[in-house]
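Remarks on the structure that follows.
Letters A, B and C name the chains as they come in the text, with residue numbers starting at 1 for each one.
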Amino acid sequence: MFRNNYDNDSVTFSPQGRIFQVEYALEAIKQGSVAVGLVSKTHAVLVALKRNAEELGSYQKKIIGIDTHLGVALAGLAPDARVLSNFMRQQSMSSRLLYNRPVPISRVVNAIADKAQVNTQHYGRRPYGVGLLVAGVDETGPHLWEFQPSGMVLEYKGAAIGARSQSARTYLERAFEEFVDSSREELVLHGLKALRDSLAQDKELTTANTTVSVVGIGENFKLYDGDEVGEWLEKLGNVQSSRGGRTGEEAAESMDTSE
Amino acid sequence: MPSSTSIGTGYDLSNSVFSPDGRNFQVEYATKAVENGGTAIGIRCKDGVVLAVEKLIGSKLLVPGSNKRIASVDNHIGIACSGLVPDARHFTSRARSEASNWRKLYRSPIPISSMADAMGGYAQAYTLYSSVRPFGVTAIIGGMDEAGGPGLWMVEPSGVGWGYFGAATGRGRQAAKAELEKLPLPNITVEEAVKQAARIIYFAHDDNSKDKDFELEMTWVRLEKGSAEELEEGGATKGWGKHEEVPKELVAEAERLAKESMEGGGDEEMEE
Amino acid sequence: MNHFPEAWGRPRNDVYGAYDASHLQSSMPNQHTQSPIVTGTSVVALKFNGGVVIAADNLASYGSLARFTDIERLKQVGTHTVVGAGGDISDMQYLHEKLLDPLIIKEEYQNDGHHLRASHIYRYLSRVLYQRRCKFNPLWNTLLVAGWDEGKSFLASADLLGTTFAAPALATGFGAHLAVPLLRRVCPDEAAVENITREQAIAAVEECMKVLFYRDARSLNKYSLAIITGEGVESVGEGAAKEKVTIEWKKDVELQNQSWKFAEGIRGYGAQVV
């Protein structure tokens, strides 16, 4: 049987110059449910699909507020995301304490990138098993960054991570030119449409499984969860993937908890 | 490159281990990672240094002009990297510490050769232990200092570091080197080098990764505007330089010329 | 025999008894700066409509000795800010060379469009000063931070205790007593700033430098002056408004039009009693 000898740890290069442990960590992101982020001239939006382990269980948090100007959406190992987001909160607070300045988005993103890189170069550590979308507003405007366990960070106009995120990405690639001039509401709806496209068959967006966050110039980070998502789903109308289904209004009322 | 017979014999599974024929395979594999990266070049001129990279664009959703690949590590030094981007960030952040420590200790900016020494040593340390892996990065370090004037060095994953007039790394390095060798280095000006660098990056891109989109990123190091050295008649070639992005208009013009030369069948002698 | 290294060369315990280690106690309690050594005197600053002007003389005194007469106590930090320092000169140099210079280099090499402006630098300095005083090892300075920030002129003070406050007219050291009342005639409150022109502000500060030279025995008739002017406020997006900040320097300015006539009227010093 073929056995890959080069994938036991993150301090071994394969003959092709690859680090398999890091690549496997990237796979962990795809085990998580989908998260989508996008930016306009004035706003940055995150939307995500929450999952519950069993029907009577609660839904896993997908979006974490970091500061009043900044939040993250995660896909992959939630505990790793909590470690990283706590670190980001520390960075954010120390920026406010020491410089009286909300931390610039790129700086806090690069800080977690550097943290993650170390885990890919030293024995006895494992790479983080989570991907993040970081959305925020600073003095240079709204920004969206994607963070990967490899320590790679990239700034995007629109991005999607997690299971079936390719469908969402396809939507983003088709529509991204409209984002820049979108209003706050249009931007959220673009995000929800991308999210809807990544739904599995016979699944739909509900107030229970959908989560939305918005941050804008002069507007604090705001998380919409549970019933609050209802207004967005109503505006979206169709909440089912690629075939006509119930409207958002009906879905908002039904409190569907199906996985 | 490792011959296929020695791969998988077990001597290539851990860093810091020699094979019976005296090679450290993990370092060679790290070099492989560099060879998959976008092309990076450096040109040493008579009045400064130019750095350029071919930044491959994986998605049209990326913000244009963002995600910079050439970093400043002090006022007067820039580093262009090829290879694993996160490793490059680690590497440059170490270079920034070296620069800052040097200033604290000696009250003056670090000379380029000393920076190359320090970073060569740092990269080499990552070949010594089985608990770490080498950097998957080759770094081109360019700058200008008071004693040596323009300086250009390239540090490889093994820790080896040489001084260059023209340096190239990444997947298009062969094509780029061939082009660099045709230039009368270091006897060209920074302005000329900007055009040549753009042309070489376009040429190397065409040669190696034609199917992919890329952005050209270029910086230079030259005497700071208004500095005593710059104001000297004719402009001295020594003094502390300033590392900054090449102005947008100059990059645009250089790219226009580069595209023209590609259409004209590539390989032309340098104009002017 | 005890062959551990720490026992080498020591008298043998079995012969002389255990060594009384209390005699080895060489360390005293930690000692910190109790007073400044080489000092600078006042820094004077005043806001005006569209900017702020700041001045400090070029003297560094060693006690009452006018030891160095070419010391620059105003320094530009980044593109938007000038920091003026009174108090210990070596602490001021430490602040600049070991803290602020690296800070600005770090800020600039990020190349991400963010810059430290006056309020950021002011907060940073206040935190450093306060942290040091909490360690009972203060940096012996009083600082004025002048600059342009978010479309407004900025002026604030921080001292060795970490005390912070802001006002449209500020002075440190002797000037806190002598110059501030003079400046307040020109600028009683924040609202008055918009009616003060650049020329008026410079004239008021120059007048203060002169009065300080008359009365402050640790001052010098040569000083530096920086005028920070700004226009607009930076906003984001394409075609957005840009701010424009310029810092004009006047160095080695000699006091003009001195008149020591008032000195004749002074009574109560030296041999002359009445």
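Methods note: a residue touches a chain if its C-beta (ideal position, glycine included) is under 8 Å from a C-beta of that chain, and two chains touch if they have at least 3 such contacts.
If you want to know which protein each chain is, UniProt gives these names: A, B = Proteasome subunit alpha type; C = Proteasome subunit beta.
It should be emphasised that the depicted structure is a prediction, and the values quoted were computed from it without experimental measurement.
Colleague: Which chain pair is joined by more contacting C-beta pairs, B-C or A-B?
Modeller: A-B
Colleague: Which chain has its C-alpha centroid farthest away from the centroid of subunit C (Proteasome subunit beta)?
Modeller: A
Colleague: Quick check for you: compute each chain's CA centroid and the global CA centroid, then name the chain with the smallest gap between them.
Modeller: B
Colleague: List the centre-to-centre spacing of subunit A (Proteasome subunit alpha type) and subunit C (Proteasome subunit beta) in whole Å, with centres computed as mean CA coordinates.
Modeller: 46
Colleague: Just curious, how far off is subunit B (Proteasome subunit alpha type) from subunit A (Proteasome subunit alpha type) if you go by their C-alpha centres, in Å?
Modeller: Between these chains, centre-to-centre, one finds 33 Å.
Colleague: Taking each chain's centre as the mean position of its Cα atoms, how many Å separate subunit B (Proteasome subunit alpha type) from subunit C (Proteasome subunit beta)?
Modeller: One centre to the other, that is 42 Å.
Colleague: Could you pull out the residues of subunit C (Proteasome subunit beta) that touch at least 2 other chains?
Modeller: Touching at least two other chains: none.
Colleague: Report the residues of subunit A (Proteasome subunit alpha type) in contact with subunit B (Proteasome subunit alpha type) in the complex, numbered from low to high.
Modeller: Those in contact with subunit B (Proteasome subunit alpha type) are residues 5-6, 10-19, 110, 113-114, 116-118, 120-124, 150-159, 169, 172-173, 176.
Colleague: For the complex, give me every residue of subunit C (Proteasome subunit beta) touching subunit A (Proteasome subunit alpha type).
Modeller: Result: residues 110, 112-114, 116, 119-120, 122-124, 127, 234, 236-238 of subunit C (Proteasome subunit beta) touch subunit A (Proteasome subunit alpha type).
Colleague: Tell me, which parts of subunit C (Proteasome subunit beta) touch subunit B (Proteasome subunit alpha type) in their complex?
Modeller: So the residues of subunit C (Proteasome subunit beta) in touch with subunit B (Proteasome subunit alpha type) come to 97-98, 101-102, 105-106, 108-109, 111.
Colleague: Hey, which residues of subunit B (Proteasome subunit alpha type) end up touching subunit A (Proteasome subunit alpha type) in the complex?
Modeller: It comes out as residues 2, 7-8, 12-15, 25-26, 29-36, 59-63, 66-67, 84-87, 89-90, 93, 126, 130-136.
Colleague: Name, in rising order, each residue of subunit A (Proteasome subunit alpha type) that touches subunit C (Proteasome subunit beta) in their complex.
Modeller: Spelled out, the residues of subunit A (Proteasome subunit alpha type) in touch with subunit C (Proteasome subunit beta) are 41-42, 97-101, 104, 106-107, 138-141, 217.
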